[in-house]
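First, the structure itself, so that you have it in front of you.
Chain IDs A, B, C and D follow the sequence of writing; residue 1 opens each chain.
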Amino acid sequence: MEYVIEMLGIRKEFPGIVANDNINLQVKKGEIHALLGENGAGKSTLMNVLFGLYQPEKGEIRVKGKPVSITNPNIANDLGIGMVHQHFMLVNNFSVTENIILGNEPTQSGKINLKDAEKQVKDISEKYGLAVNPSAKISDISVGMQQRVEILKTLYRGAEILIFDEPTAVLTPQEIKELISIMKTLIKEGKSIILITHKLKEIMEVCDRVTVIRKGEGIGTVNVSETNPNELASLMVGREVLFTTEKTEPKPAAEVLKIENLTVKDSRNVTVIDSLNLSVRAGEIVGIAGVDGNGQSELIESITGLMSSESGSILLNGKDIRNQRPRKITEAGVGHIPQDRHKHGLVLDFPVGENMVLQTYYQKPFSKRGVLNFKAIYEKAEKLIKEFDVRTPGSSTLARSLSGGNQQKAIIGREIDRDPDLLIAAQPTRGLDVGAIEFIHRRLIEQRDKGKAVLLISFELEEIMNVSDKIAVIYEGKIVAIVNPKETTEQELGLLMAGSSRREAGATT
Amino acid sequence: MNLTRYFNIIVPAIAVLLGLICGAVIMLITGYDPVAGYAALWNGIFGETYYIGETIRQLTPYILAGLAVAFAFRTGLFNIGVEGQLIVGWFAAVWVGVAFELPKIIHLPLAILAAALAGALWGFIPGLLKARFKVHEVIVTIMMNYIALYLTNHLIQYVLSDKGDKSETIFASASLSSPLFQELTDYSRMHYGIFLALIGALVMWFLLEKTTKGYELRSVGFNQNAAQYAGMNVSRNIILSMVISGAFAGIAGAMEGLGTFQYVSVKNGFTGVGFDGIAVALLGGNTAIGIIFAAALFGGLKVGALNMPSEAGVPYELVEIVIALIILFVASSYFIRWILLRFKKEGK
Amino acid sequence: GSSGEKDNAGEDKKEGFSVAMVTDTGGVDDKSFNQSAWEGIQSYGEDNGLKKGQGGFDYAQSQSDADYETNLNKLVRQKFDLVYGIGYLMTDAVTKIADQQKDAKFAIVDSVVDKPNVASITFKEHEGSYLVGVAAGLSTKSNKVGFVGGMEGSLIKKFEVGFVEGVKAANPDAEVIVQYAGTFSDAAKGQQVAEIMYGQGADVIYHAAGGAGNGVFTAAVDLKTKSPDKDVWVIGVDRDQHELGEGDGFNVTLTSMVKGVDVAVKDLAEKAKGGDFPGGEIIEYGLKENGVGIAPTQDNLSEDVIAKVDEYKQKIIDGEITVPFE
Amino acid sequence: MSILHMLELIIPTALFVAAPLIFTALGGMFSERSGVVNIGLEGLMVIGAFVAIVFNLTFADQFGDATPWLSILAALAAGALLSVLHAVASITFRADQVVSGVAINFLAIGLSLFLVKLFYDKGQTDRITESFSKIDIPVLSDIPVIGPLFFSNGYITTYIAILTAFAVWFVMYKTPFGLRLRAVGEHPMAADTMGINVTKMRYIGVILSGAFAGVGGAVYATIIARDFSHATISGQGFMALAALIFGKWHPLGAMGAAIFFGLAQGLSVIGGQLPLLEDIPTMYLLITPYVLTILALTGFIGRADAPKALGTPYEKGKR
């Protein structure tokens, strides 16, 4: 069997760390080959080497059997290698077409021939079933469409081998389904795919073979048909992993959060939350399920005071906190694990230690008469770092240099430690490996068991189903159904999220 | 960690050295005598106690202007308006200095306070516009500089004098001038303001690094979204930052008005101190201690250079070139660090 | 280069009376009063066989107004026998240093410092301006003339008032448009002001705007180049600014109001050398003292106008006309 | 004075005052659009002004009428050359771009005055004799109303400046080069993965900014100042920067902002002669342009979004 890509004995060092050490990866033509490993195992690095962004210290790369030296992305492009990056490489204020043709523009006497380009984009997108609007601006389109643009970029350049770095981490279930069918089309058209994902289910569903790496070292390659998720997980982590989180029965008590008739309009004066009602009791986890863009972000931002609302009430322990300043709301007992950890969750240029007191810096013992008490701050930070297993060289390391998983753990530690009556967790496990996910889920359930109210927002149905005690389905700014996770199926939820009523969805009760 | 500290000292030192060497090379190429040139420079700074006094006098406003720029910088704002804030501070200090005669213990602090308030007001406007309307502070501060210039000129002519070109000299009770320093330095204009500048540096360091407010200001500077998430009032902190920055600049103006000149006169153009403050702040790495050293270097070079044309026939501008090169080398410290690391590795 | 200071320091010190000046930020070649003063000092030095440098004659340039005192002090320390501060901006600096250095002799140009060791030199700019005002009033065809000032202040006011009086005296029908550029250095502003004035129909503009005045010349030269049959004139200030009005085959400089800073500076140095230093006194240079006047280059003035100007000049010298200055 | 007459007086002067700012702001746009802050525009204008004047004085006899054109070309080259320093420091050595720009400003003024003293042994140059003259644009200047306002009595350089703004707009928004340059300033890593050489694009951006600012300085010196001294360029570079931001980093916006500055200044000059305004102190007229700018920004121009990657050195693989 011929390999389209062979990476043999690859070693890549960064100052002070060996990111890849003697890794082998062989991809057959026409297969979907998974690359699996914990956060920081070295997957992205290996792919960046293949794509020509990094130069390896050692090792050989062969494309279709021929040894090659890929010193920059242009060479990778010429060799037919295309990459869809973990963090999208899109220029936000350019149009879809402009992003696709960038660096390879069709011209007519020096001028970009936009018409021609748009037609080409249209042709390719039709051929592979990648629906996009060629003239839309990136900042105006959904994440799913952005990803399709990324794929189109590689196809436009005639890529034969496509690398997907964690493509599903940012997608909604619907979008994931679409992506999977796109990948299948691509294979049918004769392409080969390398897929990085933390979701074992996806690997089992679409992949042919899987290569596992752990802490920068290659562990081996197995056929998907000959393995199972448990084996993959223990290969990658090096120990047994539990998948369904152990949970006792919830003991719901007093109502902590009660939202009545909440209406929110966005900056363009469009109603995004429409007389929404929701209640979360102490001792229970309420999961919000819904397709992205149905008002989840606005709901969280109105509860936490980051956005102002038109009307209705948001009662926390009976007191209205609607349109209060964030500080007031935090002090009233709301904890918030934000959706975007870089934008809201952390000051990346502060040390981890200072990030640990982001909301409490002005309180005793961290501040006395307006002066910070660094001793107390760093003691607290050290304690949280230990307790929440944040892997960092130290509490004075800048938050920026932590991996996503560890940044997330730091935020969760900080929020849980404040012991809020209501903990809002927005996509708390996005992009994390199974080990980290397990850890975070356990922490959320622990809070519930301590008698706190937890509101969980996630696009991962599996997460919602596993962790929540109650699922509220949000659709077009309204809670359209409340279901019991034990009595529903992903299919039913999916339909509810798409807007069909409970009866239509064929509820079992 | 130790390496960082070592670099923080050695890199600027190397930059200064490189700047001076380049200056010497330029003198050689253009037919001047570098030894004589630098000797004249040295004498112009240290040759007599008078010159030492003048150097300290010169670096005093530089420290404060540098602090003003740095304070804004550290909180994510670029204050090009230090010049204008300095001008209004100068004016306000002198106004208070000539308008009343009060006991020194009240009068002097009052005049300095007026300068700080005027500068703060001049910073408040761009801060407010930035916070409320998201107007870019760079343009507004540039415009405010010109407004400050023309407005104070007008007020000097029509309020502080009768269509004259300058104000009266301030009352002694508002003056920073120091008979002691004057005696020590043979009648230089060195004044007590230097203490104020040093205290200013201490204040900035303490405020930013040690206080709760400083933590907020830095958070807003680095990440407004996270600051808002954490319950901080972003708008208020932006305004506060510009106000404090402006107050530093205003006090720099008081140094001129109450110390160096003791009056304020109509200006044909900018004093340049505010713009030099940008260089001082950046050279000092936007830290309080760094700014003191950078200001000393700047003050020394500027005062010492006055001696170069007469003593060595070297144009004054040579020093400007040297200063520019030093800034450039400090800015390119990545390169110097890289070379140093090479050396260290090979040494091992 | 350097040179020359050491070898003559010894001998010249005894008999040579050394002089030096501090320029303002305009510098020694500002084509204006600093340059004029330096020419006076050079001429004095040459006449007396002095060399440039310590013990002879020299200047110190100020980079900012904070340097005035440092420079004055420095020159005193270098033992110059007489130190000039050039320009009214230096009033306070001279006052202060004169207090500190009671044994040194100082002079200030364009301002008054009441100290026993300072001689003050002032000029009756209004008288000179009056004369060019007469020239302008008689030369204008549109009966509209302009005055462009630099920055408002009592000094420039003297130019303005004198000029306006002169125009009115010679041509009561003429209108004078007065505009201040707000700057002594921004030539663009001067040009813009002048273009608009010419556009309004003025055909003669007198400027007292330093570097901004260069823009007035630029405007006139370019207008003339474009429409050669149109009459536009500029009256220069401080020095004979004839060369600034040079165009391709024409010159737009009507004349200039000259201020004899060089004459005054040299005059004072000679006096002081002869042991007759007028410390504590104000020496006013007017038409009578030949300290101000109309430039020798008068090619563009008609015979009649020149005759008329001379007539007025005599009247002022004789005290028949007293020119107001504020 | 009728409104039309007033406009006839103000507009031509506004245009010539704007021309140097237009060139310089366009230059700044190339640099900033590629992601490199250029606060050194002032210094680049200084060098342009200096070289143009020195060239003009030196070669006027040889080249005659072509001298001003050639001196502008010389200034273009000099500006480009000096900007290489900014490029090396801020792109290759990853210097703080603001610091490097400030250094350029100091260096330019120091170096040019140093050289003036060296060449001429005095603090400022003589006045040049060869400059541009005013022209009427054939045909267009005959259009009633508009002709006298916009197409008469202008300097050729002003018209070139305006045409250049349109040309730059074309380059920025219609050509591959423009697309790539903007991509580099918005998201350099994305551009890198598309095979665009980020470093090269940024060098080009910065060097173009030097070339344009050099021309801006040369136009100012050749047409307006006509000599070179320490005060020739004093703040115009910062005004150009303001025009660039005011114009939202858009070529035509920057041009509009520069002309706005010119108009506001013209208004302040003519204000002194308007019946209603003649008694108000000159100060109010002097601050008018600046106040108007602030009001315009606050009132209806609103926020401007800088290129996303502006000010951040690009390091491969940095998160």
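Keep this in mind: contacts are C-beta pairs under 8 Å (C-beta built on N, C-alpha and C of every residue); 3 or more make two chains touch, one makes a residue touch a chain.
It should be emphasised that the depicted structure is a prediction, and the values quoted were computed from it without experimental measurement.
Peer 1: Please give the intersection of the contact partners of subunit A with those of subunit B.
Peer 2: Intersection of subunit A and subunit B contact lists gives D.
Peer 1: Any chance you could check whether B-D or B-C wins on number of contacting C-beta pairs?
Peer 2: B-D
Peer 1: Could you give the separation in Å between the centres of subunit B and subunit D, each centre being the mean of its C-alpha atoms?
Peer 2: 28
Peer 1: Let me have the rounded angstrom distance from the C-alpha centre of subunit B over to the C-alpha centre of subunit C, please.
Peer 2: Averaging C-alpha atoms per chain gives centres 35 Å apart.
Peer 1: Where the centres are mean C-alpha positions, what is the separation of subunit A from subunit C, in Å?
Peer 2: 75
Peer 1: In whole angstrom, what separates the CA-based centres of subunit C and subunit D?
Peer 2: 34
Peer 1: If I count partner chains per residue in subunit C, which residues reach a count of at least 2?
Peer 2: 25, 61, 152, 182, 185, in rising order.
Peer 1: Got the subunit D residues that touch at least 2 other chains?
Peer 2: 231, 234, 282, 286
Peer 1: For subunit A, what residues touch not just one other chain but two or more?
Peer 2: Not one residue of subunit A touches more than one other chain, so the list is empty.
Peer 1: Residues of subunit D touching subunit B in their complex?
Peer 2: For this pair, the touching residues of subunit D are 85, 88-90, 93-96, 98-100, 102-107, 109-111, 113-114, 117-118, 231, 234-235, 238-239, 241-242, 245-246, 281-283, 286-287, 289-291, 293-294, 297-298, 302-304, 306.
Peer 1: Under the touch definition given earlier, write down the residues of subunit D that touch subunit A in their complex.
Peer 2: Going by the criterion above, the answer is residues 170, 174-176, 179-180, 182-183, 186-187, 189-196, 308, 316-317, 319.
Peer 1: Flag every residue of subunit A that touches subunit D in the complex, lowest number first.
Peer 2: Touch list, subunit A to subunit D: 48, 51, 53-54, 72-74, 77, 83, 85, 89-94, 98-99, 101-105, 107, 110-112, 153, 400.
Peer 1: Show me the residue ranges of subunit B that touch subunit C in the complex, using the header's touch definition.
Peer 2: Within the complex, subunit B contacts subunit C at residues 31-33, 36, 48, 50, 54, 58, 150, 153, 157, 163-166, 169, 187, 189, 256, 260-263, 265-266, 268-269, 271-272, 302-303, 306-307, 309-314, 316.
Peer 1: Could you pull out which subunit C residues touch subunit D in their complex?
Peer 2: The contact residues of subunit C facing subunit D are 25, 27-31, 61, 152, 177, 179-180, 182, 185-189, 191-193, 195-196, 199-200, 211, 214-215, 218, 222-223, 225-226, 243-244, 246.
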